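Labels run A, B, C, D, E and F following the written order; every chain starts at residue 1.
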Amino acid sequence: MGNLLGLWQASGLYQMHVGQFVMILICLLLLFLAIRKGFEPLLLVPIGFGGILANIPGAGLALPAVENALAAGDPTVLAGLAELLGLGAWDSAKDIYNAYQSAGPAAHKLTALYAAEAGYHNGMLYNFYSVAIATGAAPLIIFMGVGAMTDFGPLLANPKTLFLGAAAQFGIFATIIGAVFLSANGIMDFSIADAAAIGIIGGADGPTAIYVSSKLAPDLLGAIAVAAYSYMALVPLIQPPIMRALTSEKERKIEMTQLRTVGRREKIFFPMLLLILVALVLPDAAPLLGMFCFGNLMRECGVVDRLSETTQHSLINITTIFLGLSVGSKLAADKFLDPKTMGILLLGIVAFGIGTAMGVLMAKLMNKFSKQKINPLIGSAGVSAVPMAARVSNKVGQEANPHNFLLMHAMGPNVAGVIGSAVAAGVMISMVTGMLQ
Amino acid sequence: MKENLWQQGLDLMLYGMGTVFVFLTLLVICTILMSTLLRRFLGEEPEPVVARVDTASAESVSPKTLAVIQAAIHAHRAKHQK
Amino acid sequence: MGNLLGLWQASGLYQMHVGQFVMILICLLLLFLAIRKGFEPLLLVPIGFGGILANIPGAGLALPAVENALAAGDPTVLAGLAELLGLGAWDSAKDIYNAYQSAGPAAHKLTALYAAEAGYHNGMLYNFYSVAIATGAAPLIIFMGVGAMTDFGPLLANPKTLFLGAAAQFGIFATIIGAVFLSANGIMDFSIADAAAIGIIGGADGPTAIYVSSKLAPDLLGAIAVAAYSYMALVPLIQPPIMRALTSEKERKIEMTQLRTVGRREKIFFPMLLLILVALVLPDAAPLLGMFCFGNLMRECGVVDRLSETTQHSLINITTIFLGLSVGSKLAADKFLDPKTMGILLLGIVAFGIGTAMGVLMAKLMNKFSKQKINPLIGSAGVSAVPMAARVSNKVGQEANPHNFLLMHAMGPNVAGVIGSAVAAGVMISMVTGMLQ
Amino acid sequence: MKENLWQQGLDLMLYGMGTVFVFLTLLVICTILMSTLLRRFLGEEPEPVVARVDTASAESVSPKTLAVIQAAIHAHRAKHQK
Amino acid sequence: MGNLLGLWQASGLYQMHVGQFVMILICLLLLFLAIRKGFEPLLLVPIGFGGILANIPGAGLALPAVENALAAGDPTVLAGLAELLGLGAWDSAKDIYNAYQSAGPAAHKLTALYAAEAGYHNGMLYNFYSVAIATGAAPLIIFMGVGAMTDFGPLLANPKTLFLGAAAQFGIFATIIGAVFLSANGIMDFSIADAAAIGIIGGADGPTAIYVSSKLAPDLLGAIAVAAYSYMALVPLIQPPIMRALTSEKERKIEMTQLRTVGRREKIFFPMLLLILVALVLPDAAPLLGMFCFGNLMRECGVVDRLSETTQHSLINITTIFLGLSVGSKLAADKFLDPKTMGILLLGIVAFGIGTAMGVLMAKLMNKFSKQKINPLIGSAGVSAVPMAARVSNKVGQEANPHNFLLMHAMGPNVAGVIGSAVAAGVMISMVTGMLQ
Amino acid sequence: MKENLWQQGLDLMLYGMGTVFVFLTLLVICTILMSTLLRRFLGEEPEPVVARVDTASAESVSPKTLAVIQAAIHAHRAKHQK
């Protein structure tokens, strides 16, 4: 009888909190959007699935051993953990949980050892997160893969489009101010690190967003990644109205001359040049841009095709699977179902909008000073969201002028946007770390 | 504290956006310089892309694929000649 | 001269124990069976080879740094380790070894640091084991790959065959009772955790068996994995006599109507449904079945084919190599050459037999209550051993009736058996962990 | 202790086997329900498998393989027409 | 204003040391050699790129958290580290650095925890190095891949060529004496471990060199790996003059009879035989030769083609990328720009020369005792440098006699050289470890 | 200390080179023995390599590749027959 009761008490239905139920529904929605609507499925399928796993009641897949011990609630173990965290033995599990959250690496190590001694284990997704994201490895490897898949030809044919990629990053920084505003007015409670991590959604670049939030605001990582990928998928809905509002019919009709062909040597030298510039000017962006340039050099140099091939296929695919599941581990109810998430989603879409607008406006500004006119519609591609944003530029362009083929022209600012947000990420991590110390 | 947060946010925006622009401006300059120098001193490359693709495809199609294709061609020819 | 003597004393011949010699012969036999007889070569080649490596005298490839230090026998180091383990400095290496084996994670960490300080290292296979199996990662990744390779079509076309997969799991639980019997009568000395781990052999599913025994009885893992894979390879010998004994000629001749085609949507919804059921009813099975469903969803959803492709090839192959070598590390003589291994091999084959019988009998029982008759020969496929057991059903069926094509019908219970044993694994890990605490 | 082991073993068997059956029975019921609902409310899918395979193969055969095949076909045609 | 100054002080130009600048130039040279001149590009592209990353001023990508904390120079943190390392709080960062370098694993763990507590992180490349090389995993996995790519057919057709592979290893040991000579005369300051690690360059085998130096002289790993791969690329320049000088025109014209075809069974048994011999005679070579034989068995046994395929492609490519970047992390200026590097480069080329010469001379010696003459030009292939050295033998042979096809004959000593240097590596690691304890 | 280094270096050379030679000599002997025994007791293998390649290629060419090739052949035949 005791066993039957035990089984029922061990069942998910008995243990489920409302939050977990809601999160499972949200994750099912993500899977629906990914599978039926094609919302960035390569990431959102693993993220959504990981999110469901993270919210299975009683399984603790996304929790470290210490939190699993707290959930089990054995009084002796609780007392032991409380002591290690400098609390009294009579403190509640909630207090111990809070103390654990705010403790440093040393206390984490000690309590983890104690929990292991008591027979508790890290959940599977927690382990994946520790290896893939907490070390920074997975986003960097993805970035290397993206580098190996990127053709800088259009950018090299028209380097001025880098300015469009720069301007569109204003979405990032405007969003930081937005987060500060919400916080200063007591609507939300974002720290400066939170604000910076939220801002990076405006970079419209998944691995960059995950990398930055894993460094600055790991608790918000789930919401930030979901926002970033969802809005990237929504680019065809978000951008066109803004693009049309800011341009005249005549501007949208501007035809651009065909791009010159770019030699192989230029393509080999470019990642080296970018790396050297990073080394000289901006060491803080070295991990992201370094891996990006490395991937691109493998692609272009022509002598390591087998490495480049593997980077673009097996390696990036394997990493994507574990990155996605690990991000999913941050969709646990107690972290995601927070008013902050609403703020993040709201600020994220504002960031996309502002980035789009600034890209278009910068293109119009450049047209004031340059003889060779550029179609301002390619400015919106500066937010990144490769290659979706470039396709949107092309589509809106063809609506105005069916003979207008903007796709290749828009690829320039599109990849420039990747560089731009990686630069922004480097600056922000460095500045925020400095502010916190 | 709140003023501090405003201050930090504005700092981030100004210096962050500034760095992005300075860095990308430098990159534009250096890229144009690089392309010019490469094209001036090393000459144009005639259709480099095509040449590249050929090498790559020849390199990475495995002997097995080739064998299968040849087998298929043979099989087809045999059938065809009946 | 001292050096020549040293070289001779460093040679394998000088250091070899009889046990190591015997284990090397056993591993060569495994390799022979795998290569010449086709016994599950994908696993048994790495396992057999890893087993030889683990038994190379003096190399310590399968040992942690502490055991390598014990084997080296430096008195100062021994004394230090003894002190850390709470023994007196005059205790023998054997005593220290035993104390180390029964010590908890904290003592392991401390002694490992001490051994590292003294210049000793973990063996290569020990490192592989720590990363691949002790974390649970490799079996789970393999399970994800198996999910990505599984077509649930036949099961969806005839869901009742799930009952066959359920019945065949009785082999698991009957074996537990068998192990308890041996232990209660003093013939062997199995704990309840050992018994559960041995029982899982009856699940006829390699990664599940490895996962369960890594959690419940790591010392028996080598024998359990070898038994599981060997008997899976022997399914064409083990099952047919039992199948024939329990069925009449008439029953074996039953022809089954062709399965209906199953739509893509059903195939997408099924892994989701299974996952939700696991979440609601059986959180303990979440790691295994979660990864299985994730793999299957990637396969069926149609929007992440590149991830599914990699999961089915590079990722599962890489994982298989390290899983196999890691299992091999548990074939070290002192662990494998134990009376328990004989018990495990004996119980394992009993488990296969009982599982087969129960599957067939369940099919006969279902025929009593259902109008649409099923051929009881497909019941034996419920043990799993995908796809061998289904092929055996087909072959025995064709012997009785050459027009009988049971293969697709048998695939239903076959994959049901995988789900069934994963469920059993979840229940057992949870219950046994509860019993031990 | 020995009685304890028997007790534990029997517990494992009863509750374990019970859970397996209950879970798979639930799964049978839910699966039949799901299939029925899907087929009733969303209609039949005409030959979904074939459509799927086509997409997949078209997608995952690399341009290189295709190029080689085309080259092979051309080579063969050239020979054949002599 | 303070922020602008901060940004300038954070820039690479402000922080760069001359050494880092020089190292970046050297790495660019390596990339040039790899890309334009085809110098072992699969390794030298990742190594060169990793080297640039490691020398980005202020980024600390190749440094552990403790060294990053030292570089930051916060007085409180310095005092804390000094105390943990047994120094006074007033010691300089330089002193603390030195104490850290010479501290053992326990002190490293403690200080790492302290640095993490203070908010410092390991650099990306440092993490790659820890996982890929410090554990020994990456070189061993590469060796497994090399095994899976090696055809022992030519060696089995003419086993005597193993003697050529043995003789060419004299380059290794002569170089050790060279290093001892430089050290004994005060020209350099090499320990016996350094000397052994430098000697292994003469093995002309990349993964073996990296494996040995990671065990015996991690600080020299960068220089040793660069030397090994560069000289392997230079084999077509280094070897021919030596080969011509030591052979007469008549000897170079010797034609060799076609090799007999080697059956599949012999190819399956050979890796097993080699493994058994290693187990009985030379346990110290077990990791390297074990993985090599495992790869080869997977290749030849014919029943695990999918594992062999993955080993030869995805797995070895992924490992190569991280191995290369990790080696690059050892090209940090303070380790590479050392007089020792000059010594290593000098000794390395001597090692190649002596190995070449001994291979040729051994072939001539064998001709004195054997009826079936061998062309002494294939002796030079005994240094390894697969398959470059075998091609050089063939080319020099054809210069003397256009009808002379030595390629397949030279493949025998070529792969024998791989086995020979792995044996030498095993002996040296074991002996040197014994000498140091 | 310096004499010690010389001693260590010479030791390494002598015992190291010795081991390499002894080991490889053993390997030569065992290999010849193995080949002889295999060929005597198990007989010659007729063209084992060719057989091997066939199996391998048949095994590892994916159904998709085959499908594409067949499609190509069909397409070619269709064109050709016009």
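What we mean here is this: contacts are C-beta pairs under 8 Å (C-beta built on N, C-alpha and C of every residue); 3 or more make two chains touch, one makes a residue touch a chain.
Because the structure is predicted, anything quoted here is derived from the model rather than measured.
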Checklist outcome for this item: Greatest centre-to-centre gap (Cα means) from chain F is with chain A
Next on the checklist: Report the chain whose CA-based centre is farthest from the CA-based centre of chain C.
Outcome noted: B
Checklist entry - How many angstrom between the C-alpha centroids of chain F and chain D? => result 36
Checklist entry - Whole-Å distance, chain C centre to chain F centre, using C-alpha means? => result 31
Checklist entry - Which residues belonging to chain A are in contact with no fewer than two other chains? => result 281-282, 302, 306, 309, 314
Next on the checklist: Going by the contact rule already set, what residues in chain F reach two or more other chains?
Outcome noted: 11, 15, 19, 56, 60, 65, 69, 72-73, 76, 80
Checklist entry - Which part of chain E faces chain A closely enough to touch in the complex? => result 6, 10-13, 15-16, 24, 28, 31, 34-35, 38, 41-42, 45-46, 49, 52-53, 55-59, 61, 74, 113-114, 116-117, 119, 124, 127, 313-314, 317-318, 320-321, 325
Checklist entry - What residues of chain E sit close enough to touch chain F in their complex? => result 155-156, 159-160, 162-163, 165-166, 169-170, 172-174, 176-177, 179-180, 183-184, 191-192, 195-196, 199, 261, 263-266, 269-270, 273-274, 277, 281-282, 302, 305-306, 309, 416, 419-420, 423-424, 427-428, 431-432, 435
Checklist outcome for this item: Per the touch rule above, chain B residues touching chain A in the complex are 2, 5-6, 8-13, 15-17, 19-28, 30-32, 34-35, 38-39, 42, 44-45, 47-49, 52, 55-56, 59-60
Checklist entry - Which positions of chain C touch chain A when the two form their complex? => result 104-106, 109, 135-137, 140, 268, 272, 275-276, 278-284, 286-287, 290-291, 293-294, 297-298, 301-304, 306-307, 309-311, 314-315, 430, 433-434, 436-437
